[in-house]
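Note that chain A is present in both complexes that follow, paired respectively with chain B and with chain C.
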Partner chain A sequence: MDTSKPAIFVNGALLPMHVRKRVRTVIQVVGADRGAIVGKSPDDLQLVVKGSPPSAPLSNFVEVIGIADSEKSIQAEIWTNFGEVFDTHSYNQLCQLANGEYQHLFL
Partner chain B sequence: MPVNLTPNAIATINDGDVNLKPLVQVLDIKQMGSAQERFRLLVSDSVLTQHAMLGTQLNDRVKTGLVKKGSIIQLIDYICSQVQKRKIIVVLNLETIIPDCEIIGNPKMVSDAPAQNALPNTNSMLLSTVGYNNLSSQSHGSNMHSIRPSLSSQSHDGKMHSFRPTSSTQNQGGKLHTFQPALGAQNYGNDVQSFRPTVQPPYQPPPSYRNHGAVMKNEAPARIIPINALNPYQGRWAIKARITAKGDLRRYNNARGDGKVFSFDLLDSDGGEIRVTCFNAVVDRFYDAVEVGKVYLISKGSLKPAQKNFNHLKNDWEIFLEATSTVDLCPEEDGSIPQQQFSFKPISEIESAENNSIFDVIGVVISVNPSVPILRKNGMETQRRILNLKDGSGWTIELTLWGDFCNKEGQKLQEMVGSGFFPILAVKAGKVSDFNGKSLGTISSTQLFINPDIPEAHAVKDWFDRGGCDVASMSISRDIVQGGPKNEARKTVSQIKHEGLGRSDKPDWATVRASISFIKTDTFCYTACPLMIGDRQCNKKVTRSGNSRWQCDRCNQEFDECDYRYLLQIQIQDHTGLTWVTAFQESGEEILGYPAKELYLLKYESNDTRFADIIRSRLFYQYLFRLKIKEEMYGDEQRVKITIFKADKVSYSSESRYMLDLISKVRAH
Partner chain C sequence: MFSSSQFDATSAFSGGGFMPSQSTQLTDSTPSPAKSRNSLGVVPVTVKQISQASQSGDEKSSFVINGVDVTNVTVVGMVFDKAEKSTDVSFLIDDGTGRIGCRRWVTENFDKLEMEAVQDGMYVRVIGHLRVFQDVKQLVAFSVRPVTNFDEITFHFIDCIHSHLQNPKLQGGASTHPHMVESSMNTPVQNGQTITSNLMSKQFDVDGLRDCDQLVLDRLQQSSSIGQEKGMHMDELCQQLKLPMEKIRESIRSLEDEGLIYSTIDEFHYKAT
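On to the complex of A and B.
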């Protein structure tokens, strides 16, 4: 595991707190808009993911890691297909844990 | 509203009347008895008072306040009896006429003890004609005598004076007599009204009395009394009741030899119920004579304490019929006796009921399973059929039908449900079982009524039709204990050892999330008997018999092909430790994903590399194991044996939620 460049777990609501930092989240792909991917965050907010998606087609759920370049967009470096089914509720809880009381346990 | 209490009611009742149905007033209520709750009333006819015991079936009237101090009540069924030389009225049925009323008149206590200081009294003289029958022991040759009660007051509150009649014979052979109460000197001139009792004897008097003749037996028929008034201390009684259930003729064999017995249940117009049992010769007399649903007059027979483990009727007694007993059919239908008596309880109440308790329930049959043969412990085969019942309490319960119920009522219900009807089923006397949650089962005295024409049935049907059918309801049977203490107790591997699970009498159950770290493959299955016993496979281990055939010792048969069943020894491991567990057929297949026979053939006959690959592919997978943990003796050594009851691949989503929930609980502390 690469610990040199930690990425913070975020959902849509937490993203604004980490602008210009390295973040990770899982989006449900909604569509594409002017070269960027539009998706839904685990807490049901709309996010824009920029950067170059992999050549393989994106699955329904995609994990993206990159720099939060605004309160609603991420400049992604790593794209990982997470498949067609994903428990966004648990992931959202995880994001809250990673930014709350147990923050020190996360990279 | 002025009320007139029935004049002379107390004196009349004391003299044996049972038909007057008088209006009396309750002056006092006292709770008596320790073993059984009873109430004693002090009742007044405005002149005299007398103690009256309430039949226990009337206790509710007192508890609900229908009968309280001051109430005017009408005595409907009652009898005056002598208890320890004191007369007391036993009230079997009554109606409240006015719930609350001021004390009427200035009644005095009546007492049977002879007056010591009976003084003649000039204040008031009462004259009455008394048709008094031979109650005094001093009467000879005459059934008409004078009675001279004397009142002597001892208390000074003007309310509770004692009335002490002396039954001395003064006037032998006379025709008209004076009834001459003497009021005590300290009686402050209360207005005592005159009364004219019309006294009736409890039975028709015997035709004649002679001075020194033989004692005549009273041949008059015994009076009909309510079932709830039956007790072992009455000589003569008769009851009029409907037969609500008739048991099968059973033969038994005990130390005293062979015998036969049958019993039937009675219900009378007051809602009293009692079981009647006949043995041997008495069986022959009555077995064919009694018919369910008909009304009978029953007399003579002994009362014995009810066998509560067989008899669930609300009566402490049971009638044993004898050779002299009579059971006579009442030709005319008596509409005052209901066909059946139920005390329905909502299904929700059964959840907290004790095992083996008896319940009446009514509900909608929402599903019926087919009937299956079951091998009983004694080797006999019986039928079992499970159906689901739902009621307005929002719960469903499993009802297990046994034996004949499966084919009679069970078959009918299955056909009805199968063709889209949801019949109403009333269950009389079902037994609560706590196997798999709580369920209800039939016993020999259970009765089932499909679509009975009773108000409760219409109410359930109405509820069901108006949307009750769509209400999601929880079952109190089976797995409703999910997350409950028994099966879902999450443990780690080390907790099994450290908490000493399995050391008690009953096995412990635990759910463990662990990975398989090793599967023993020298012997992973055994050769099993494929024959069917009832609806189950025998599954006993079989051995080679000589050539190529297999032999089962239990079935005592040989066959060419045997079955292979898993007997897997597995090591499972989590972050706390490692333990050996055993998986049998079903869980073995859940883990390995192949039938045991297929793997056996792979290993020994075709391709043992492929076999090794399959085994290896199962290692380090996480499972949720439901384990049964029990200490057992192996030779003279105690060993904790852990069996896999169920093995489920971990669902990451639900496991995540489970862990998130745990974290939130940690945070709460």
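On to the complex of A and C.
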């Protein structure tokens, strides 16, 4: 049992609070820019995801888990395709709850 | 859902040498006198919550999470280090809050087939018992199902928060409804609105149904004022107000009793008087 490496649920607004920490979020892929993937966070802010995406093509929504290396970018270690349709509104609310009063259930 | 139709208690337990005690029955059987109504069936938890769980008294098979006895839990996370052996399959589940070891005894063909579909890096929903083995907490899984609709991940964590809020201790000893908790947790939600409506309904519990009634009445009065002859369908009210159907039904019943609304073309359409 190991709880030493949690990945914190973040959206665009919460990412700056967790720079240099392990985070997770779901982005809607917008495009690519200089080898990195540009996407929209669950709260509609732009995020850049660096790292090596899997060889399979990325779906519309992708979950990335990795280290936040700046207020607007993540160095992703794990990429998971979340399909063409995803409820970003609920995910965004989950991010707020998981960082707010229910943090103790997650971190 | 899958718990009652696919799970065969005797075969799953006979291979692993675990005897199902009354408290570990998934379906809501009458609790034994020693166990209070705190045994809630399958409880959605995060690995972090499991790590904080303490063992309950003399019952080695039971744990206490947030003051509630818990045996069967459900966790949603990513599979790592899957290892297949002749009698069992072991793997790690990482849900973002921590990692826990899981073991699935493979005695029936069904178990074998289900585990073959599980691969490293895949998101799965695991349902199983919490056990301690050599001081390390483990999950003995009896259901491992790949996640296909990823809203299920969001749902699971919100469900953990919801279940945490349902905790009788938090409600100051008020009786919770184990049936309500069970029914809401085993259904992966397709529509995001249902998740938030479950959370929102918590706010209305404090003031009773009156807030809800007022919302329904306001909406119906609004619809009358814009000339909707047939009134509104209950489903529309449910969608627009983002409230659970049971609350809408209860509000409609009490508003109808008060004579503030009436049904129009059928029993699902209502209009304000």
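Please note the rule applied: the second predicted complex is superposed on the first by the 102 of 107 C-alpha atoms of A that agree within 3 Å, B and C clash if a C-alpha of one lies under 4 Å from a C-alpha of the other, contacts with A are read in each partner's own complex, and residues count from 1 in each chain.
The rule is short, and it goes like this: a contact is a pair of C-beta atoms (placed from the backbone, for glycine too) under 8 Å apart; a residue touches a chain by one contact, two chains touch by 3 or more.
Given the structure is predicted, the values throughout are model-derived calculations rather than measurements.
Asker: Return fit or clash for chain B versus chain C, each positioned on chain A through the superposition.
Answerer: clash
Asker: Just chain B (first), just chain C (second), both, or neither: which does A:107 touch?
Answerer: It touches chain C, and chain B stays clear.
Asker: With the two complexes superposed on chain A, say which partner A:61 touches: chain B (first), chain C (second), both, or neither.
Answerer: A:61 sits against chain C, while chain B stays out of touch.
Asker: Which partner does A:97 contact after superposing on A: first (chain B), second (chain C), both, neither?
Answerer: In the superposition, A:97 touches chain B and chain C alike.
Asker: Can A:89 be said to touch chain B (first), chain C (second), both, or neither?
Answerer: So A:89 meets both chain B and chain C here.
Asker: Residues of chain A touched by chain B versus by chain C: which partner has the larger set?
Answerer: C
Asker: Check chain A for residues that touch chain B in one structure and chain C in the other, and list them.
Answerer: Shared contact residues on chain A: 87, 89-90, 93-94, 97, 102.
Asker: Flag every residue of chain B that touches chain A in the complex, lowest number first.
Answerer: 652-653, 656-657, 660, 663, 667
Asker: Once bound in the complex, which stretches of chain C touch chain A?
Answerer: 46-51, 78, 96-101, 121, 123, 136-138, 149-151, 154-155, 157-158, 160-161, 164, 191-192, 195-196, 199
Asker: Which residues of chain A touch chain B once you look at their complex with the stated criterion?
Answerer: Listed in rising order, the residues are 87, 89-90, 93-94, 97, 101-102.
Asker: If you look only at chain A, which of its residues touch chain C in the complex?
Answerer: 1-7, 9, 24, 26, 61, 63, 65, 78, 80, 82-83, 86-87, 89-91, 93-94, 97-98, 102, 104-107
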